[in-house]
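Order of writing sets the chain letters: A, B and C. Residues in each chain are counted from 1.
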Amino acid sequence: MKESVLFERVILGSTEEAKDIILQLVNLSAYFCESRIVKNINLAIEKNKVTSIMGPSGCGKTTLIRCINRMHEMSPGGTTKGEILLYGKDINNMNAIEVRKKIGMVFQRPNPFPTMTIYENVIAGFILNGIRLPKNIMDEIVEDSLSKAALWDEVKHNLGKRGIYLSGGQQQRLCIARALAMKPDVLLLDEPTSALDPKATAKIEELIVQLKESVTILIVTHNIAQAARVSDNTAFLYLGELVEYEPTKKLFTIPRDKRTEEYLTGKYG
Amino acid sequence: MIMNNEVIIDKIFKGSLRAVGLVLLGIPLLLLGVMFFYSLPSIKAFGFRFIVGQTWDPVKGMYGGLPFLVGTLLTSLIALVISFPFSFSTALLLSEYLEGGILANMLKSAIELLAGIPSVIYGFWGLIVLVPLLRKLEMTMGIPPYGVSIFGASIILSIMIIPYASTMSREVMRLVPGDIKEAAYSLGGTHWEVIKRVVIPTSRSGIFAGILLALGRALGETMAVTMIIGNKNQLTFNVFEPGNTMASVIANEFTEASDTLYLSSLIELGLLLFVVTAIINFLGRKIIERYEIKGDDGALLNE
Amino acid sequence: MSDVLIKKRILKDHLAKLIILAISIIVVVPLVLILGYLIINGLASINLDFITNIPKPVGETGGGILNAILGSGIIILTALILFVPLGIGGGIYVSEFSDTLLSRILRLSIDVLQGTPSIVIGIFTWVICVVPMGRFSALSGSLALGVMVLPIVLKSTEETLKLIPMELREAATALGVPYYRVVLKVVVPAGLKGIASGVLLGTTRISGETAPLLFTAFGNPYMSFNILKPMSSLPLVIYVYATSPYDEWHKLAWGASLILILLVFGINMAARIFFSRRDGR
């Protein structure tokens, strides 16, 4: 496939090592009607690593990841230009529903389905699609996903309780388990801890680092410290443009762009 | 784009929803069309004279609608005038004076119950209780004791429409911002003065919308009116005489209408009623839209 | 400011409060009177005989309103079966596609339909159902009542679905659930309570309606289960008996009125108890 040659040559920031690239954004722009929010982004995401997309509010980072799971087009006036390649295939040419099964998303505010139990929430992806699995397989998926989301021990005796009776942090981990149950290739996290207290935040950050072994993670955050703690690579977005994209250690210690440096030192927020 | 089952089903689903929308749109359009089409014989025969003609004579084939237009106007307007102090007072009481508590809830429930009583029961009760009372009154007044009369119908109607104006006015008054009321209080105003100078002027258009809604209801009210108004097809401004409204004459004579012109004239009355009610309701809703009111009894406000 | 003037203003204030209170309390009087008469006279007429028999001919005592009770049930049920799905479907359409031209026109026309006098709806149904069929029928009565319940169900469905938070849809969509399933398996089930209470409220509205049945279902002194023939109904018998000159029939009218009002208020209360209101009040 010609795509693999492309991958060999991809420039990850300033390094030229061949990387294992799972997702690639090529000249990606996103619009709301006439106004361009995301401007011509080229980005290569490494497999089984945590990549954070960081930037001040309004810089387009949420819009960006909503393009990746084809949710941006559902907003009024939302359109995109450019390509998003998953394993070399442009997801814009794929069925949006298929895309979302391979690229999962966890949202800013935990949103478990209020009428479903914890058990049902985890396998909601199957239930809502009318996919009926044998009970033992469902049990397996539920235990596996909840374990990966570091929630299994806390709820294993209460799987029949409604999802909304959990604390905020637990609800968010439930949402992560729900997304993981679909066995996605990529997991998008849109500011997953901004609505949570510090303790819950710490637990989820711990979880993210563990999760990258099984799934590639893309996390949007406006919390600079979180990006530093959690991610392997960091992309800095400003006013819709990709300013800098480096391995995290490098970006935080020797940023190449003045704007990155100013953001890191808190000149704007 | 790879088409598979789900995408096709999505398309079918969206298409079906649109189809339902279209079909439903057809119903009111069909209604308008039917009413208009079946009024045509009468419109062709009488034209504008239908509205000013005073004689309604099925035997001679002469159909003038003025007696019913006047009857409708009289009953509705009198009902509005009688009911207004009550709807206004209850609205004020429940929004300005009583915040909660047993009395407030009882009054709210009472108003809701009044709105829920079927029209035919109002009519029946009116026949048994109100009409004899009116007869006694008319005898002491020295006028013919019909009992059944335009006035009687207006009284029953006024009771029936109190809830509509009351609830609407109450909701609008509750929306008056607290800070301008506090400003008035801090200048030394009494409660009544704040109501008179701030609450009422601010709620004015909403109160008017409530009146319009009540009027719309009164215009179309059929059963209670037809049971109490006396069903006499005469043009009269004497409210103690029997008469008829557009709605009540249709209810009374529709099944007996033997020829096309008779039926068509009745239907034309229905068409006029429909158009007038639609305009008044439309005006009322336009005013409400500006407030974007969510009532605590959505069912009542949606009338 | 002079003392006298202030005293005058305070007096006015108290007076206003008193008058408003007095006038408001008067509003309760007709309610008490009507319900009182209903209960007292109605109870006197209701016995086992009353609800298990059909009316006797003029001049004979006794008889009941069984045919009217069953008739009401059949006509209302048929109306609901025919028009509630349409109303819910329309409500889903209007809330999902709220910006389209069709949606806006539909909302406007449904509003007009809701404000239409019930006698006009009776005429409409007479034209499109009774005339082609050549006779009065319960079916035409159901059509008339159905047209009246349609706007209520549609609007309460729309209102309920509009309140379902966007996040619920997004959570389902992000899991790869197709649109039609998001609507049918997530949004609508989340709104079921509101939709059901709207249906019940609509039912109470049409249960008491008489005018639309006057020249559609028309009424029937005998028992009938045939929707293609005229059928009796509670509001219709109340009207006929109330306006008759016979005391016997007036008694029947009181009994029927009490039963009707119990039905109407009963469903209303059931709706409020079982479906807590959307805004939590």
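Some observations on this one:
We take it that a residue touches a chain if its C-beta (ideal position, glycine included) is under 8 Å from a C-beta of that chain, and two chains touch if they have at least 3 such contacts.
Just so you know, these numbers come straight off a predicted model, no measurement behind them.
In summary, the chains found to touch both subunit A and subunit B are C. When chain centres are taken as C-alpha averages, the shortest distance to the whole-protein C-alpha average belongs to C. Of all chains, the one whose Cα centroid sits at the greatest distance from that of subunit B is A. Counting C-beta pairs in contact across B-C and across A-C gives the higher total for B-C. Spacing of subunit A relative to subunit B, judged by their CA centroids, is 57 angstrom.
In terms of their C-alpha centroids, the spacing between subunit B and subunit C amounts to 16 Å.
Subunit A and subunit C have CA centres that are 50 Å apart. Contact with two or more other chains is made by residues 6-7 of subunit B. Among the residues of subunit C, those touching two or more other chains are numbered 178.
Along subunit A, residues 97-98 each make contact with two or more other chains. Subunit B meets subunit A in the complex at residues 1-4, 6-7.
Subunit C meets subunit A in the complex at residues 167-168, 170-178, 181-182, 185-186, 189-190.
Chain contact summary for the complex, subunit A toward subunit C: residues 69, 71, 74, 97-101, 104-105, 107, 109, 111-115, 124-125, 128-130, 175, 178-179, 182. Within the complex, the subunit A residues that touch subunit B are 93-95, 97-98. The touching residues of subunit B, when paired with subunit C in their complex, are 6-7, 9-10, 12-14, 16-18, 20-25, 27-31, 34-35, 38, 85-86, 89-90, 92-93, 97, 106-107, 110-111, 113-114, 116-125, 127-129, 159, 162, 190-193, 195, 216, 219-223, 227, 247, 250-251, 254-255, 266-267, 270, 273-274, 277-278, 281-282, 285, 294, 296, 298-299, 302-303.
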